[in-house]
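This structure is in structure tokens; I'll ask about it shortly.
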Amino acid sequence: MVLLQTKVGLLERLDKSVVIGDGGFVFALEKRGYVKAGPWTPEAAVEHPEAVRQLHREFLRSGSDVMQAFTFYASDDKLINRGNLAGKNLTGADINAAACSLALEVAKEKNALVAGGISQTPSYLTGRPKAEVQDVFRKQVDVFVKNELDFLICEYFEHVEEMEMAIEVCKKTGLPVVATMCIGPEGDMHGVSTGDCAVRMVKAGADVVGINCHFDPFVPLAYHTPDAGKQGFIDLPEFPFALEPRVCTRWDIQRYAREAYEMGVRYIGGCCGFEPYHVRAIAEELSAERGGVLPDASQKHDAWGEGLRMHTKPWVRARASRHYWESLRPSTGRPFSCAFSRPDNWGVTAGNEELKQQKEATSTEEIKKLQNLKK
Amino acid sequence: MVLLQTKVGLLERLDKSVVIGDGGFVFALEKRGYVKAGPWTPEAAVEHPEAVRQLHREFLRSGSDVMQAFTFYASDDKLINRGNLAGKNLTGADINAAACSLALEVAKEKNALVAGGISQTPSYLTGRPKAEVQDVFRKQVDVFVKNELDFLICEYFEHVEEMEMAIEVCKKTGLPVVATMCIGPEGDMHGVSTGDCAVRMVKAGADVVGINCHFDPFVPLAYHTPDAGKQGFIDLPEFPFALEPRVCTRWDIQRYAREAYEMGVRYIGGCCGFEPYHVRAIAEELSAERGGVLPDASQKHDAWGEGLRMHTKPWVRARASRHYWESLRPSTGRPFSCAFSRPDNWGVTAGNEELKQQKEATSTEEIKKLQNLKK
Amino acid sequence: MVLLQTKVGLLERLDKSVVIGDGGFVFALEKRGYVKAGPWTPEAAVEHPEAVRQLHREFLRSGSDVMQAFTFYASDDKLINRGNLAGKNLTGADINAAACSLALEVAKEKNALVAGGISQTPSYLTGRPKAEVQDVFRKQVDVFVKNELDFLICEYFEHVEEMEMAIEVCKKTGLPVVATMCIGPEGDMHGVSTGDCAVRMVKAGADVVGINCHFDPFVPLAYHTPDAGKQGFIDLPEFPFALEPRVCTRWDIQRYAREAYEMGVRYIGGCCGFEPYHVRAIAEELSAERGGVLPDASQKHDAWGEGLRMHTKPWVRARASRHYWESLRPSTGRPFSCAFSRPDNWGVTAGNEELKQQKEATSTEEIKKLQNLKK
Amino acid sequence: MVLLQTKVGLLERLDKSVVIGDGGFVFALEKRGYVKAGPWTPEAAVEHPEAVRQLHREFLRSGSDVMQAFTFYASDDKLINRGNLAGKNLTGADINAAACSLALEVAKEKNALVAGGISQTPSYLTGRPKAEVQDVFRKQVDVFVKNELDFLICEYFEHVEEMEMAIEVCKKTGLPVVATMCIGPEGDMHGVSTGDCAVRMVKAGADVVGINCHFDPFVPLAYHTPDAGKQGFIDLPEFPFALEPRVCTRWDIQRYAREAYEMGVRYIGGCCGFEPYHVRAIAEELSAERGGVLPDASQKHDAWGEGLRMHTKPWVRARASRHYWESLRPSTGRPFSCAFSRPDNWGVTAGNEELKQQKEATSTEEIKKLQNLKK
């Protein structure tokens, strides 16, 4: 006789407590050698399943309640854009299926939820008609439904118009739909205010709305970006290969988790730059609110630096206190660096020539043209 | 009939070309949730082999020629120091054996060398006699010999006197011995100059001598530490939980690799904070010197940001050039942070009361006493 | 026979071109040893006329069209506030009369206009009735009329209500009235918006309205204060004795003058921290707009660093260009300093107990009480 | 009957206590509009005696025991160098005579000493023979002797060889000779160590030896320059028109005075950037050591910000304490600025073609050539 453990769904969990999401797969796997910065596509789910599986497990152990299948940018139009080779041997469906398997496999270890996500598309940016854009979404969602994932996430959208198209497609599945845009206080790329975006997402059918990526932790990104422009950290000159000095500490993230919780946010996770230790910081900060539960990874981390009591050097032991870490403002070790950068503010958005989807690789000549535009 | 591939040894490889080491296991695994900051011991080799295996593989794919078994601080005296629970169910020998297996297993995938390492001990710091200190080393080395590792590393020593004891033990095995100290321009903790340390290590029998850890990349650490004191980054107030703004970019590491190579260094790797992408940066920078070989992970990384040619945003595509990344000085996004910190400079070293080994956990009272000492 | 040169009045000058004001007397004279930070009163006009005369002359030579008599805070209630000794032997009328003489004397050297100014009063802050506050103003204005000054300035007001009282008094003289408040984008201390303040000043009778002090050059102050709170630089922890790193360069001021001119501002000067070379920078930047006139002090200053062509060191001569100085972002030489500070934000304003006028000096006990409030 | 007040000489004063020098005339007068940056010559002594007199008086009131005649670079070869017009109508002798009169006149007000100074010459840099260089010095010194100044200062020399020539000339007058070089820890421009320079100056006959200018206050300059190269602040890209963020606060200078005193320095003053309030800070810091004497300017400055007790705003009154100002690290208000700059390090010195004296102005073509050299 088999005992079936019933999984409590997303909406029920949110009613009762806080749900903790995971962190930033593409950035973490880029640093580990499995994702290429530029196309940012998730073919690693097929090519190196062990690496994706391990990252899932690290997030799970750090407190994530949701295993989000690694499907970011796994749409067929993205896999072939601008010389990307990922679409040559693999379809979006291949990758999405592999990603579902990995997420489901790891989720089982702790009864976590599994989500499938879709994001903005080259098709929309290029001005393709709604039906065509939704077709791109539908092909992805079909795989998620077939794999019996628990809910759907529409994330990383810069235009609420495209977001509505995505929600519409997801809504038809009957699954709960989470919708998060990568926008900041200035609203979406077409000038729709942040508040109006939220309203439109709800009207379109989203069960949970929020934001992800592009801005700093006080919006959910693991980089300090007070100087970012409308498009967030992508506009900063340091994106994506020199963001190191902006990486949040675990204490930054504890403060973020606390502030988000106090604002009433109940689904809290991270985006680009969020590593497992950042997720653990959320779980530790909100432990009391979650019934005193601590994640497995906290076996290797005592709250507020208490583990330093075991350090050899006495002056490091002296740092074993909440007060110490809470009041420290970390120096940068970079006397030739400034606090702020001037973001690129090209103001280019959906419909613009430069954003048109292209299958062929960008030529050196085109790069030069762009660099001159920059000056 | 079986063809046996003969592995070329360390010294032969160094004669012909550059050998690339790996990065910082304890720091990487702390962020992934498997090592506790404070004791910094490697029980994960037994407890979570999949995590250690995956990190080995990432370094291998990023260009490391050496898989160093994850044996840092796996001595019995360290496993029980100041309330550390790791020594309760596990011996140093257990951990070292498990670590050897994992390193050997992954190394086979690309015919890499496998090394076993020993480091400074609480026994020495506490003033135990030489015979006792060497006994600690011998127990570790015995495991490495039994597992037929390729060579031995004595690393992370702050006192040349203890280093000599370690080399002496290793030398008896007949294996090549690499010796690296975690000291900076001011020399070891007892005032022996850096140059004299090198001479003494060679005289004691080391085949390769160098430095590791405590100072910044222009010494091999993945954090910017121009403001560190004699004991390096451990003295900085940000150690170990707020070092993020100091993390080196891949471009910093390319410069480090180039400068090290030009100085004649031929075994180049990294220590705390070095992630797989940092090792890849070494391998990419020195590709020509290594016969044009690129690591597997470079399949997901085009030199000097060229992968950005595939980015959607045109102003990010405009960053696809060596000139751009080489001349960028990354801003910090932290207007309330300074460039420099004042390091702790307690001047406490081997023989001092505060450094005595203790099995019991540090009490809150003792922490307060230390904090007052600090003021 | 005597030829009388007719002086063109303020409003006529503004109709035709830009009028350049002067800089910050109290801060400049504090650094020269003649004004005490804290009370900031102008008894130097009586005590050390040669120092005041010389500063007038420096501003005149640097391009100021207006000699503003050094009458800042020369009201009787201010001269005796909180242990200030200035009111012991001198009345406001004494100081104002002496200040008028000095300004008139120097103005004659280049036919400059002479203005008398009044500022906010302890009487208002303490909650005295309107008639009493206006009486304080009237005593000052009487001296200006008697000395036949060319126009009146109501400046350095934080409350538009008090400003209206001041304008009302000035308006009765028939002289042109300039009214400037030391407020920023958040408006006055009682929450009246900046725009509404402007409208109310005009309605009260001001001929020219504007802002002075408290915020940075892109509001007219010679310190960088992007991090100031509602009360401007006074709230910054560096005020008034550690503002040095924030001092504007001459190039900052040229940019400020240009931006102000392009916004339509036609009376451009500076406040605290503005030295003669800052005024010269305005005059040089707007030279073309002023018929090609350059100030006398430009005999010792070639535009955009061209004087460096005469420097001995060749690499300094290489800096003799507009491009060089315009694009330089000066470093601070202060690796232990941050970019930003957290301003005090006590939110204390007119009517609050702590602001009550007191004749006796503040006791050490009271200072301690305040310091505790701060924590 | 006339009572002659006998002036106590420099050496006697040094035997008994500390002698306080003055500050930086050329930089202060440049900001006031009387000196041209580039040639830096002192024709203002003739052209605008009132401005020079006033600055002398400010230093006197701030605590200077020495009025140094404003003779910096008043040698005939400097007055005609590279298009400088100062030498057209004026000789060095004219300027030096005028400067002596002004210094003597103000010194009488408080019985201060009067010194005449000579500095390095274009003749030496250009490689002229010793006799010719000494002839330049002699013409200056003759004026000082004729005016019965109290002692001579050889200051602002970068080459000890030229310094020896200067001391030799001065020594013949029988007056006390003070010798200070503008060098840092790396020694003079020809590689003579700082210590050896001191020894050679003493052997050449100097009664007092020291340093002035080029490096930061912990060497005597009123700018923070931890990042300067061998030639000090002149090599920094901010020199001379964007040094503002580096200006020392009065608290920096108090620390400098204290540290200098504790090292045994007994003649303490400042160079470029030193304003009267900086000199006052020396006098206040060393008041106890000088018999409790405070300078006149301290009538307008209570120690350690105590004057703020009279400030209107309570949170500013809360800053009236030594602890507050001593522990404040001033922020810069400049989030786009770095802590450090890279100094120019051209390594050009006496004998180099680019340093040759030229009467004609530097052409635009030559400037371009230099700018290209820079890249």
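So that you can tell them apart, the chains are marked A, B, C and D in the order they are listed, and the count of residues begins at 1 in each.
Everything that follows uses one rule, which is that contacts are C-beta pairs under 8 Å (C-beta built on N, C-alpha and C of every residue); 3 or more make two chains touch, one makes a residue touch a chain.
Please read these numbers as outputs of a predicted model, since none were measured by experiment.
A.B. asks: Can you check whether chain B and chain C touch via the same residue numbers (shared by over half) or via different ones?
C.D. replies: Comparing the two copies, chain B and chain C contact each other through largely the same residue numbers, since over half are shared.
A.B. asks: Using only Cα atoms to place each chain's centre, name the chain farthest from chain D.
C.D. replies: The most remote chain is A.
A.B. asks: Roughly how far is chain C from chain D, going centre to centre by Cα mean, in whole Å?
C.D. replies: 30
A.B. asks: For chain B versus chain C, what separation do you get between their C-alpha means, in angstrom?
C.D. replies: Using C-alpha averages as centres, the distance is 59 Å.
A.B. asks: Round to the nearest whole Å and give the separation of the Cα centres of chain B and chain D.
C.D. replies: 50
A.B. asks: For chain C, jot down the residues that touch at least 2 other chains.
C.D. replies: Residue numbers touching two or more other chains: 227, 329, 335-341.
A.B. asks: Hey, which residues of chain A end up touching chain B in the complex?
C.D. replies: Those residues of chain A that touch chain B are 30-39, 50-51, 54, 57-58, 61-62, 81-84, 122, 125, 216, 223-227, 231, 234-251, 275-277, 280, 295-297, 300-302, 305, 307-321, 325, 328-341, 344, 346, 348, 354-355, 361-362, 366-367, 370-371, 373-374.
A.B. asks: Which positions of chain B touch chain D when the two form their complex?
C.D. replies: 329, 335, 338-340
A.B. asks: Which bits of chain A are touching chain D when the two form their complex?
C.D. replies: Chain A residues touching chain D: 227, 335-342.
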